[in-house]
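Report on the structure given below.
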């Protein structure tokens, strides 16, 4: 199974995430798409870790990437808590999470 | 075509399809559910890649905690339909899609020629991703980032508190 | 690089006005401010006169002072006083007391900041003329502008803000381009070493390193323009001159005197001190272009001067014409021409300050500068008239006035470069006569009109200032030799570089 | 590689953040947290300076109070130690000048301080990271509290909007950053690792994966330093955020981003400079152009400063364009000069009742000290000699010319600097040459505030004359 | 340097002193004192000039060096005075005539308030000073100093009554026209410096005729001389720059006498005579000079025929006489030209002063149509004036006859056509001079009654100079007897021989010179004298019974009395275009063009700013879309370019 497949898969997820971010207007869904992007990155890292485990002799070769993924999840969790808090606050004030209405600041 | 390959294609299709649905589906709740499906598929891939620990964490943290949190928020705001009038500026829609797609194209096109991409890797063998290895690593080499990430959490916590506390 | 920290003339010339200016900001009573400013400027004058005695004619040696300032980039606070430096510092030192005396009666609000800024300007100018380190030169080059910017915008005429702003942006842009040039050359210079021969910094800003920098023709060609634009804007040379009439018209007279008397010399100085020696090849390549530009400027400005109705604008354009002649001659790089330029830089300063004082005196009393509104002033203010006539004829380079020798030698330098260009340029002496005499006739002769009936003879200190100028005009007009001797070294240095 | 890295700053900031956090529960008066914060920051600075002084040229350090085994995930040298010290000092100035304005933002004063400390912690990690992991963590620790601080003025819709925009785009860039890291890791043949200085760039043209990863990282970094065309968040966020936090973000955080940027591209990709230089050149040009040009037309000084900060970022990018000794000296100077000036300017701006340029009309009459210091700051931002700003720009230009590949960029940069003079001097005009139109406002300006402003101005001037005061710390 | 002639510096110095005293003390000195100082200093320098003259006559010429005016590596110009035959002669003329005119002025200007009176004398002294510098300078630069100085003084004195703007215009015109001349002069000097590196007469002339190393090609010499001649046309009112001189009559009459008849206008002749060798080596230039001089003579004479302003007539006659002198220079009759300068100085000064006395008596009236029959009121003026007229009309044995005929003879030798036109002009001269004489002194008085009432002979201060000058005008010519009368009667030629020696050698070398036979000379003289006599008599009885008529004259006459419309022509061809070009520049090129461009840059920046800030739409999606596009571009650049 060529590594490329995994790369392409990850890229596909990533780009779908990007498309979502660009096209959707609901802040929450945009945020979810961003999570999707993060996961794409995770998948890629894991795939590479696997790759490196094979390529290099020592058994724990690829595991640093997995640790990294672990940290990414940690960060993601933290981000989510903050992000949702902000979204909620926004919703409290405007009763909408539509990013199209975020245009008080421009030019 | 071995079982692993079948699994690979299956999971990939599941992940991509779920991702597409996340973007496509009108109702936020549905998108969340599709996203959960995608995450499960990704976890499946992790298992294929011998990252068992990550697979578990992924299911627990993402599909479990985070997504539930999302769901909870969406429910709280009960915006199951996009309330606003339909997209006024369509060009963002098309532009976004085209841009994303062409990004994909460019990268794929670039990677196609790369020699590195040709590595064959045999699925499900090796012990790199077992909890004990990772655990050892985490508490020896990676203790510092581990500690530091606590700062991250602290700040996130404070942030959440500051933001959501009612102004007296 | 000697770490000589003994008091030398150059840094007295720079720092005394600087300190005096700073002190001025903290003086309260207007009278004290004025007298202090006058006093300190006179001290400066004495110092610069003193420095003339120590004139030893070796280019760029003479009175130098040197302190390693930013040693890791090889910039040092090194100042030196060669011939051109001497004559221009003398001009700077001389013009300020005259200006202060002439405008002694004027009332500026926030007197202390006005005079403070004036003295800072003087310090900046001194620095420009004394610096023998490129970075230092650029420093002072900018520092001379900033106070002027504030002076003009604060105390100027009604359209002052826009005019000054334009002036500032214009010059600032130019000097930034020059900065790029300086940096580029800096990176071509050799490494500086201390006495032990160990490398202090990879490159140096010192002027002799700049002279020694090995530049190919192509490098010189674009560096030349970077520098030239900065200087051309400052001089100003056609077609970079449009800021000047507006600025002169709008800024307070005292500042106009500084601007036109001394500050325009910065550009000429820059060309002679930096541009010519650094880019001989480029100069050889572009001299005709520049000279033609300048000559166009001469005729063009003279023609415009004929049409002006505002006295200040008239003088501004005539000044553009004179400066154009100087720049043309400089780029001709003929010995006789350069000798002429050297003394003309001094004399032009004196004359034009005189003209401004006369205009200022009339505006003070009558509140107008419009030639069309004035008439028959001579009946009311004969002394003023005589002074004006003398200065006016000096301005059109009548023999035995100071401007003659300079312009004569400049023209003949230009003639030796290319006779036809000289012919075109020489037309300006006719045009100069036209506009000067027309001005004199319309303003001073003829019948007294309703406005000028209440014109009175000018104040005593104005008379003093003007008489100093007139005396200077005749002195250096009848016996210019000392000025030649002062600047011999610079000229020979340049010429030898071009041999 | 040293046993342990610049831990003093990191640990102490983190700890003090916690202290402030818990302090929130105990402090009675609203003004107490400020003093605690100042005290703590002073402590951090002392500790950091101690470390800086004990450093010896060979990079072996003796001043570390917390010898922790970190596997060289952080490294340090005089450069980043000095940088952190500067950043901390600037923050101290911010606290001293605007402490009382932080109190005005909302009720959770001590939490704000806590968050600021966490940001500082993030900055010091981002300044010293040695692996992509710590880079990632540093950036995140630096960003997440900022999202909060931006939105901390909860009633204000602009603040909310700014927070949300910042958050969305910020996490988007995080995604890009991670993608980049992944590709770098994957493309890194030989001994795969996240350590930035044994990334195998190969010889000749970069391997494709590395190339992709590089571009992703580049973009993420460029986003953090708000360079065009990834600057779009900056004006809105700076405009929406409470002014005091804007001042913090626009200076210290941006500088943090730069130091991370420069570390990455010096140590990780320095050897392949030729292959990414053109990208930086393009981005720099775009940033200079958009930043300056857009700033010209702004009526609100706050927003104008936002754009000007983009423009200044463009100038700082020159240091990354040409990574050499001059560039590093330059970036240090630039951080100091730019941060001081901007903080001083914002400090004055906060005191204004009217943020438009006309609001400054006749300031010289009402508040000469404020007027004077604001002018010095503006001159410094313009890059007029005798101010620190000039020295900073000078070094940047020297660095860029010294690199010598894209001289057009340098000329372009100075022309943009000329444009910047255009809008900075509009304010100076308003201050000195225009008469105040509106009624005289109430000023809450304490003598201490004025003194501090004057000190700031004095520092700017001193640095303008003797930049060596800072730079000598790089090599002693 | 123990040469007695070292003291010549006193000659210009005294007038300078006078200028300073009168100028600075003008508010305090009394009129009589002022007049005394003013005339005294001139007398002083006249006496010294006499001494110098005799020194020179005894063959003692000298170049006195005082200090370095310019002394640089590239150019050395000493402040030197050259005393030789030519300059000493001019010294005599200037100081002598000058002195008389000063004396005359003390009475003529007496109505002026003492302040202006002093100013007048200050200017007059200053003029004498500059004129002396002009003739004494030992190099072209010192000459140029005087050259411009006299121009300045003429400017100041023409505009002496500056209340009236007409006078100021005249003054301005004079100065600017002179400037145009200086334009040529300076170019010539630059050319000399560029080629020879010096301006000292001795060196220049030595190098010019140096046949070993040819520093000056014929082209150079031709150019230089032509340019010098351009300078001369300005100063000496030749075509095309003569129009200022008639206007210059706006000044006080003594000024016209001194500056615009006797001395300043002859500066051009002096200059060319001084550099005769150069001109002799440039035959082309010589013929140009001859033709221009001739043309000037004719044109001016024709115009003079119909002028009614007494001073204008004299002015045009001056122009015409100057034309003669240039004809002389053109045909190589340097001695003749200088001779004519001298005689002309006498009789033209006389005529002007006479006219002044008339105007004085008429209370400022200058129009001859309102005069007539004055001879019974003011006899001395009348007699002296008549002598002057005879002298200028070339009647033997008056001075004019000798000088004019010498020139005409040489002209004939060169080219009979020259002579023909010249002699024609002589007839016209006789005609208009006696028209003037008759209209003024003969017939019956045509003025108003109270003018008639005030008519009186002028005071002694006026009449004495008239008498002295009349005598000079009578006998002045005898120092230049033609050879046909007595073999070595031409003392002047003998005296000036060293000056023109080089030229004569050169001509001799070319061998173009050929003596006229005595018979031809007699014939020529006879023709000119007879013709002049006829013209004279015709004018006499035609205008002695002149009546004021008011019929509109037509055709040629109209053109003549309108001075051939030359002023109008210049106005249309030069002044107007320059003005309009200047206007175009200042209104269009400056404002719209150059400044417009500069401001345009600023406008462009503003416009760009207004446009570019529309990028900042406020829409997050739009932002991110733009970012992604940018990412795309970067990737493409990085990966595929």
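Should a chain be cited, it is by its letter among A, B, C, D and E, assigned in written order, with residues numbered from 1 in that chain.
Throughout what follows, a contact is a pair of C-beta atoms (placed from the backbone, for glycine too) under 8 Å apart; a residue touches a chain by one contact, two chains touch by 3 or more.
These figures come from a predicted structure and were not determined experimentally.
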Labels of chains that are neighbours to subunit C and to subunit D: E
Moving only between chains that touch, what is the shortest number of steps from subunit B to subunit C? 2
Report the chain closest to the protein's overall CA mean, measuring from each chain's own CA mean. C
Among the chains, which one keeps its Cα centre farthest from the Cα centre of subunit D? E
Note to self: most contacts are between A-B
Furthest chain, CA centroid comparison against subunit C: B
Subunit D and subunit E have mean C-alpha positions lying a whole-number Å distance apart equal to 79
Counting only Cα atoms for the centres, state how far subunit B is from subunit E in Å. 103
Length of the line joining the C-alpha centres of subunit B and subunit D, rounded to whole Å: 32
Express in whole angstrom the distance between the two chain centres, defined as the mean CA positions of subunit A and subunit C. 65
Where subunit B touches two or more other chains at once, by residue number: 92, 95-96, 99-100, 103, 107, 110-111, 116, 141-142, 145, 149, 152, 155-156, 159, 163
What residues in subunit C touch two or more of the other chains? 169
Identify all positions of subunit A at which a residue touches two or more other chains, and write them in rising order. 3, 7, 17-18, 21-23, 25, 30-31, 42, 47, 51, 55, 61-62, 64, 67, 71, 75, 78-79, 82, 86-87, 89, 99-100, 102, 104-106
Output every touching chain pair, sorted by label. A-B, A-D, A-E, B-D, B-E, C-D, C-E, D-E
Write out the stretch or stretches of subunit B touching subunit D in their complex. 107, 110-111, 113-114, 116, 141-145, 148-149, 151-152, 154-156, 158-159, 161-163, 165, 167-168
Subunit B - residues contacting subunit A, complex: 4-5, 8, 12, 15-16, 19-20, 22-23, 28, 31-32, 35, 38-39, 42, 45-46, 49-51, 53-54, 57-58, 61-62, 65-66, 69-70, 73-74, 76-77, 79, 82-84, 87-88, 92-93, 95-97, 99-101, 103-104, 107-108, 111-112, 116-123, 126-129, 133-134, 137-138, 141-142, 145, 149, 152-153, 155-157, 159-160, 163-164
Per the touch rule, the subunit D residues reaching subunit A in their complex are 132-133, 136-137, 140, 144, 147-148, 151, 154-155, 157-158, 160-165, 167-168, 171-172, 174-176, 178-179, 181-183, 185-186, 189, 191-194, 235-236, 239-240
Note which residues of subunit B are touching subunit E in the complex, please. 89, 92, 95-96, 99-100, 102-103, 106-107, 110
Note: in the complex, subunit C contacts subunit E through residues 166, 169-170, 239, 241-243, 300, 303-304, 306-308, 334-336, 339, 376, 378-379, 393, 398-400, 404-405, 408-409, 411-412, 415-416, 419, 422-423, 426-427, 429-430, 433-434, 437-438, 441, 444-447, 479-481, 484, 488, 491-492
